[in-house]
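Once you scroll down, you'll see the structures, which are given as structure tokens.
Same chain, two partners: chain A is paired with chain B first, then with chain C.
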Partner chain A sequence: MVVQLENNVSCFTGTPAVDTPVLIDAENVNIYYGDNHAVKQVSMPIHEKSITALIGPSGCGKSTFIRTINRMNDLIATARCEGNIDYHGVNILNPKVDVVQLRKEIGMVFQQPNPFPKSISENIQLPLKFTGERNKKKLKEITEKCLRQVGLWDEVKDRLDRSATGLSGGQQQRLCIARALALKPDVILLDEPTSALDPVSSSKIEELLLELKKDYTIVIVTHNMQQAARIADYTAFFYQGELVEFGTTKTLFTRPEKKNTADYISGRFG
Partner chain B sequence: MSSKVTNRIALSFIVLCALIMAGTLAALLGYLLVKGVTSLSWSFLTSESSSFMAGGGIKDQLWNSFYVLIITMLLTVPIGVCGGIYLAEYARPGKLTSYIRSCVEVLASLPSIVVGMFGMLIFVNYFGWKYSVLSGALVLTVFNLPVIVRVTEDGFRSLPLHQKEGGLALGLTHWHTIKTILLPAAFPSILTGIILSAGRVFGESAALLFTAGLSTPNLNFTNWNPASSDSPLNLFRSAETLSVHIWAVNTSGIIPDIQRVANGSAAVLVICVLLFNLIARTVGKMINKKLSGKQ
Partner chain C sequence: MGINKTVTRRSFENKPESSLLKDKGLIKRFTDRNSEGRGKLYIYSSAILMIAAVVSITLFLTLQGLRSFTVDHLNIWDFLTGSEWYPDRAENPSYGAWPFVFGSISVTLLAALITTPVAIGCAIFMTEVAKKWGQRILQPVIEILVGIPSVVYGLIGLSVIVPFMRHHFGGTGLSLLSGSIVVGIMILPTVTSIAADSIRAVPDSLREASYAIGATQWQTIWRVVIPAAGSSLITAIVLGMSRAFGEALAVQMVIGNARHVPHSIFDPAATLTTIITLSMGNSTTGSVLNDALWSLGLILLVISYIFIVIIRFLSGRRNAR
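On to the complex of A and B.
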């Protein structure tokens, strides 16, 4: 047991958590798909300008939970949420919340890279144009800035008018992150962003996230415990719809309080 | 019987069915074209039909077919595409939605002669538009609308969900996501459906017998004022289309060269429908390329 935990400690290279203020505070969140109680009584904070990782085996409710933070679950007709997710004094789950505005502030990147079948620059400029930005020079500037931020500029600067679907999976995913950054969100939610990518592309995304957390609050769902250990400041362990344990990544991986957590991070199940 | 033998039998059966299908089509097309092409000539396409003498052409009928088609498409495409978007994107599952959907299905499966009778009662008699381009186009609209609705709905439903999620997650409204992401992505398949349905509308005859009429007034192809009675653009004149012409010539024609006119018209009709299909493919591909940026 101790040896196995030691193994996990060795892969922990992320920066130790600095205690930043809480930006999003979930309290007693319950999510149902029809009769299926997918997320049960989850309460956890999300700290500003840090990376919070949600880990747990498949079907544990971590993706459901992250999709609730920017109300993407509204798309699913049978989904129903109860509880309180406080963000700047507003309950995100309140039906009166303007989800369009909310999603501009809380962006999301998905498991499957989903660039629009348009040119690379159009992918970034489309949401900007929607917000009313018409100035071509400004649009170009923002495109370059965002592509530089995700380290894609040098790779694509000569083919900005080419279709984004021609990029590799890793490039597509970085483009999707750049696209989300263009709107200057507060929070970026990432739902298993690297599980469809090869190891090299994955580590590029991880480096990118470590860079981005200086300016953004990041929540990431991951299957990969090592990934959480490498990059996250805080980690939440979900199991069967419940939040088993939440803490700084270091504490959770070195001195887990619950037996389930210890079993999961030492690879006994999941 | 070993599974290998079963496999071979199944394969041969399927290939046989495919051959029967392709053979029938090829034979039919070949027959129509071989018999018809000999009577095709520039003067056949550009001269007026004659009621009792030999040597008539199909100029007016050809024009009428295209004109009725264009008016029909102008009416069907906007309504049909919007209806399809509603069903695919906005309609919540429920009684109303399933009612609308079954209406669309029933409408699509109505026999065209029945739709024609309906058109005669409503447009020709009740509204008093007589046998006219407008009555014909409206009847074809009833007939074609469900096809466009279905094509649009299918086009939207076949898009991967992550495209819609991507748009919404970027703070786009639902409508803006539809307009800028989903509709362009679904456009090639919708366009293909529209052009294919155009082929069907172009060849329709039964629904037009009682609505667009069996005759065409003398058209003056230099007068493009839609309000004057001898203009080709006039919506309220009767308009015999190509397929109706084939029927009319064959059943009640008294011209000596019935066979020639019928064969030629049939060939023109088939060639037009084939062209629609070819155009559907190439235009769909081209637009897809253009919208998605250079590869």
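On to the complex of A and C.
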């Protein structure tokens, strides 16, 4: 079925997906908050060195799902996960998994920029210090490298010792991405990273993500369909806790199979 | 602008008896059942009463406290630094308050030193480690500790801590350390609950940020949560110290009430509050001793104000951030 797209998604510029191997493979994932069945039977792959976008209306379970990939839901006492999320041959949901190590390999960036109320350099160095890195020269090197990666170095190199809370929202969010990069993770999860930012800062982050996907696997939750269309290689559409449709961004936005998907991306609801 | 004004005026002119116009007489403002005046009167007079109480206490204590220098011609410097307190000596009585100033300050600091690690540990336990049942058990425990009268703390100190000290460190057991321990236990609940509040005030987003970069729970608590709670934790400690500083009864029962500067923490000592409560009843109004005790009270007040200034400064800095 070919759906006539309305103006709001005609700006599709997404790069054609290069078929990279699957890094994370979710199978029949169910997530409950107490009695609330928040994510139902979700199965989807996440391809290496690509951007996978999760879209859908509020409360559709996309944030819940992404937070399960690095077990952030462990922090919520009532949350319970079932199913299988394969990562390097291990089920992430296995209670025996070392979550501290897992989160070092699968980093996360949140909706509200949340830098620590410490200096800019301290923000990047803290994750390294947590792993026991004491070498000051090395810490400085990594700080500079990460800040350069997110394009923040030239803006902050003269005030590395100042508090990170003095940065603008967009700068703070890029600092949080740099912080996630400090441990050289495999995967970076971003939970609506630009929804609290202005358009200019948002587009800077989008450019940054397109740059980062050369080295990292990126999963992004977004409210903004144009954003998914612009940057994602793969897109998954969630609705009421279910994964309605998953495919390459191009297919999903130009030839969606399900009516719900077509309605959502053409702005008929959501 | 001009147009708006004329429009408004015209609408009032059309309805001169409009209920929008408030023009009640001074008396009617208070006698009217639904008047704002009554409420305002009540609220303003409460506030003024409170301020008047503080101002008059300060004024009264200052006037009384300065009498020993203005009327009895004691030397301020000798009074503050002199270490001999012999008001009852027939010839050449001396009024040196230093042992009590020293006693008060050292009891306060030692109590803070004893309490702080325990209080912060408890606060972390009930906010971070065992949120649910930690809260359920510790909250009532704290309330009970707050509610116990200080004389009970003194009695327990006298019958438990003092014999323990006597047995292990010799002497009478009545000592600076015994007093500090008793006061330390007394301020423990205050410091704990304020510290717990300040830890709870740390936004969850910071904890998430920390866990998301692969921090363990301890790393999150020590490197992220505690530093973020920072100055409010210090406020908690300073508040506890100001309470320790003012405590009289329980300290008096266990500190030994010696009128000289102690040589070690195992020696008996006295504080500003204990010497006032002990001597006030034996002094006659207007005597030099009575005036000197008022001066000690004035010192207490000044140091309490310093504590308040520190707390205001810390919380001001927190708000500015």
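In the analysis below, the second predicted complex is superposed on the first by the 262 of 270 C-alpha atoms of A that agree within 3 Å, B and C clash if a C-alpha of one lies under 4 Å from a C-alpha of the other, contacts with A are read in each partner's own complex, and residues count from 1 in each chain.
To be clear about the criterion, contacts are C-beta pairs under 8 Å (C-beta built on N, C-alpha and C of every residue); 3 or more make two chains touch, one makes a residue touch a chain.
Everything quoted here is computed from the prediction, not taken from an experiment.
**Student:** Superpose on chain A as described above, then tell me if chain B and chain C fit or clash.
**Tutor:** Because the two structures are overlaid on the shared chain, the partners are seen to clash.
**Student:** If you tally the residues of chain A touched by each partner, is the higher count for chain B or for chain C?
**Tutor:** The partner making contact with more of chain A's residues is B.
**Student:** If you stack the two complexes on chain A, which partner ends up touching A:Ile120: first (chain B), second (chain C), both, or neither?
**Tutor:** Touch status of A:Ile120: first partner only.
**Student:** Have a look at where A:Phe110 lands relative to chain B and chain C in the superposition and call it first, second, both or neither.
**Tutor:** Both partners.
**Student:** If we overlay the two complexes on their shared chain A, which of chain B and chain C does A:Pro57 touch? Say first, second, both or neither.
**Tutor:** neither
**Student:** On the A-aligned overlay, A:Ala164 touches which partner chain: chain B = first, chain C = second, or both, or neither?
**Tutor:** first
**Student:** By the touch definition at the top of the document, which applies to A:Arg179: first (chain B), second (chain C), both, or neither?
**Tutor:** A:Arg179 sits against chain B and chain C alike.
**Student:** Common interface residues of chain A with chain B and chain C?
**Tutor:** 70, 72, 75, 100-104, 107-110, 112, 114-118, 126-127, 130-131, 165, 176, 179-180, 183
**Student:** Which stretch or stretches of chain B touch chain A in the complex?
**Tutor:** It comes out as residues 92-93, 160, 162-173, 176, 180-181, 184-185, 291-295.
**Student:** Okay, in this complex, where on chain A does chain B touch?
**Tutor:** That would be residues 70, 72, 75, 77, 100-104, 107-110, 112, 114-120, 122, 126-127, 130-131, 159, 161-166, 176, 179-180, 183 of chain A.
**Student:** So in the complex, the part of chain A that touches chain C is made up of which residues?
**Tutor:** For this pair, the touching residues of chain A are 70, 72, 75, 100-104, 107-110, 112, 114-118, 126-127, 129-131, 165, 176, 179-180, 182-183.
**Student:** So in the complex, which bits of chain C are touching chain A?
**Tutor:** Listed in rising order, the residues of chain C that touch chain A are 203, 205-216, 219, 223-224, 227-228, 321.
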